[in-house]
Amino acid sequence: MTKLRRMVLDVLKTHEPKLTDLALKLCSLDGIDGVNITVYEIDKSTENIKITIEGYNLDYEAIKSIIESMNGVIHSIDEVAAGKKIVDEVKTPQDRY
Amino acid sequence: MTKLRRMVLDVLKTHEPKLTDLALKLCSLDGIDGVNITVYEIDKSTENIKITIEGYNLDYEAIKSIIESMNGVIHSIDEVAAGKKIVDEVKTPQDRY
Amino acid sequence: MTKLRRMVLDVLKTHEPKLTDLALKLCSLDGIDGVNITVYEIDKSTENIKITIEGYNLDYEAIKSIIESMNGVIHSIDEVAAGKKIVDEVKTPQDRY
Amino acid sequence: MTKLRRMVLDVLKTHEPKLTDLALKLCSLDGIDGVNITVYEIDKSTENIKITIEGYNLDYEAIKSIIESMNGVIHSIDEVAAGKKIVDEVKTPQDRY
Amino acid sequence: MTKLRRMVLDVLKTHEPKLTDLALKLCSLDGIDGVNITVYEIDKSTENIKITIEGYNLDYEAIKSIIESMNGVIHSIDEVAAGKKIVDEVKTPQDRY
Amino acid sequence: MTKLRRMVLDVLKTHEPKLTDLALKLCSLDGIDGVNITVYEIDKSTENIKITIEGYNLDYEAIKSIIESMNGVIHSIDEVAAGKKIVDEVKTPQDRY
Amino acid sequence: MTKLRRMVLDVLKTHEPKLTDLALKLCSLDGIDGVNITVYEIDKSTENIKITIEGYNLDYEAIKSIIESMNGVIHSIDEVAAGKKIVDEVKTPQDRY
């Protein structure tokens, strides 16, 4: 199965619409099992969030459209996983030190 | 299932009513499986708490009403999760360093 | 089920009666599955302990009565959990840094 | 079940009798499932050990008698658990910082 | 089974094509169960990524071809696992200090 | 069952005979399920190792004989466990700080 | 079963032959379930690697022959496990501080 299974996005958004609305909207897309939004920094008018999405067939363009339609900008894709199973990053000595 | 499954709230409240009463009141809402309240700081007249709520269909406005009716103010939503399964935040190298 | 499931208490007590007696006494209450008492500091005449109680229906007033009847004072409630399942606190970036 | 299930003891003993003999002797008591003895410090004539005992009905006085009969002194009880299930201490923000 | 089961690669690539495309392309190879790509550093024109690939028969030359065809260069192989089961590295005291 | 189940030994030995031979020899004793030998320090003529032995009936004197017959000296017993189940040491606040 | 089950080796090798070839060659030996090779340091002409081998009957001399035939030198054996089950090293207070 050559499908996207996990995506971790670094996003900047305005305070409105609320995180709960953004999470629900993303979950309404096909191929998504769950969405986690974690807040990293809150400024006067914006907040820096990390969005973790898992599913069986993620569509990056559709995800991006929803985020932008809700006043968000994707700063970077921090992690992606694809395939029959979700593989986690393996720590190696280079990361540890 | 495009429902809210987890919410983590940073809340400031007066000492009364007690944490036990606030936890029980929140649990009485439909769609909630469990509530955890952890104390972060205690001042003379207020306490800073973190509320973690998990369930199959969380209603933010109803949760907010109960917290406010018990002398609490939501400072920020720190994390939300939605969907068929509860997805945890995935740590990436950006967070680790 | 809108019942209290876990309670973590910060307690100061005199050395007597012993921790083993306090733990057994708390366990004799209805609705309690288990009690853990961990010692944090021992002074000449007092000790600072943390009591973690889990069960299916905790009664704060009954617990408080027993602690006070055994020369203990509850300094603070540090955590409570209520509901159908025991939810643990979720760590967020705000806690980590 | 209002019985003692776990006990963690801080003990000072002479080098003789050996740790293996002390562990076996404690296990011979009724109501004990297992004993762990971990060494913290070794001095010329004494050693500081931590004894962790788990079971379904621990008898503090009997445990104390055995330890004393083998040249040990209990400095403090560091943790006790009682009840139908063994509850572990829950870490709270107060402990972490 | 003397097959490659896991490979961790340190790779430098240009921003285009996107990580999602690289992950999907690698998953289309035979013998691969899943691919994880984690971003370590982002510069103006390049990004440093770690690719973790797991499967039942990895083909290093085929993997290398795909990475190079998508503007990537393998800096180093950081870990490989082969055999009937995927063995993780065991930490020893030499690593810990 | 009042038997020894785990023993952790701090041992100094000469480089010969090899660790693999010592591990195999210890495993040939009755009542032993497995042996782990981890190297802590290597000097010109000696090495400092930690031996962890688990089983259903460990015999300290027999273990000591084998170690000494292979040019090893037991510096200390660092941990023992006995009983129906292998109990691990429980961390308490005293250890953490 | 008095057989070797795990071996952790600290090895220095030239860059060629590749890690993937070394891993596959080791796996072709009888009695081996899996091999992990992790890179610790890369120099101009050599690399320092850790090889973790697990199986049901490891043959140290055969393993050493393969490593040497592929331009590697075993610096030290860092850990071995033998017996019916693979026992992990148990951390004791001496290691923690």
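Side notes on the structure shown:
When the chains are written out, they are named A, B, C, D, E, F and G in that same order, and each has its own residue count from 1.
The working rule: a residue touches a chain if its C-beta (ideal position, glycine included) is under 8 Å from a C-beta of that chain, and two chains touch if they have at least 3 such contacts.
Keep in mind that this is a model prediction, so the values were computed, not measured.
The chains in contact with chain D as well as with chain G are F. Graph distance from chain C to chain G, where chains that touch are one step apart, equals 2. On residue numbers, the D-F interface is repeated by F-G, which shares over half of its contact pairs, out of the options E-F, F-G or D-G.
Chain centres here are Cα means. That of chain C falls 48 Å from that of chain E.
For the pair chain A and chain G, the distance between C-alpha centroids works out to 39 Å. Among the residues of chain E, those touching two or more other chains are numbered 6, 38-39, 78-79, 92-95. Because contacts link the chains in a way that matches no line, ring, star or complete pattern, their graph is best described as other. Residues of chain F that touch chain E in their complex: 38-40.
Within the complex formed with chain E, the chain G residues making contact are 6, 8, 10, 18-20, 23-24, 26-28, 32-39, 42, 50, 52-54, 78-79, 95. Chain A makes touch with chain G in their complex at residues 92-94. Within the complex, the chain F residues that touch chain D are 1-7, 60, 76-90, 92-96.
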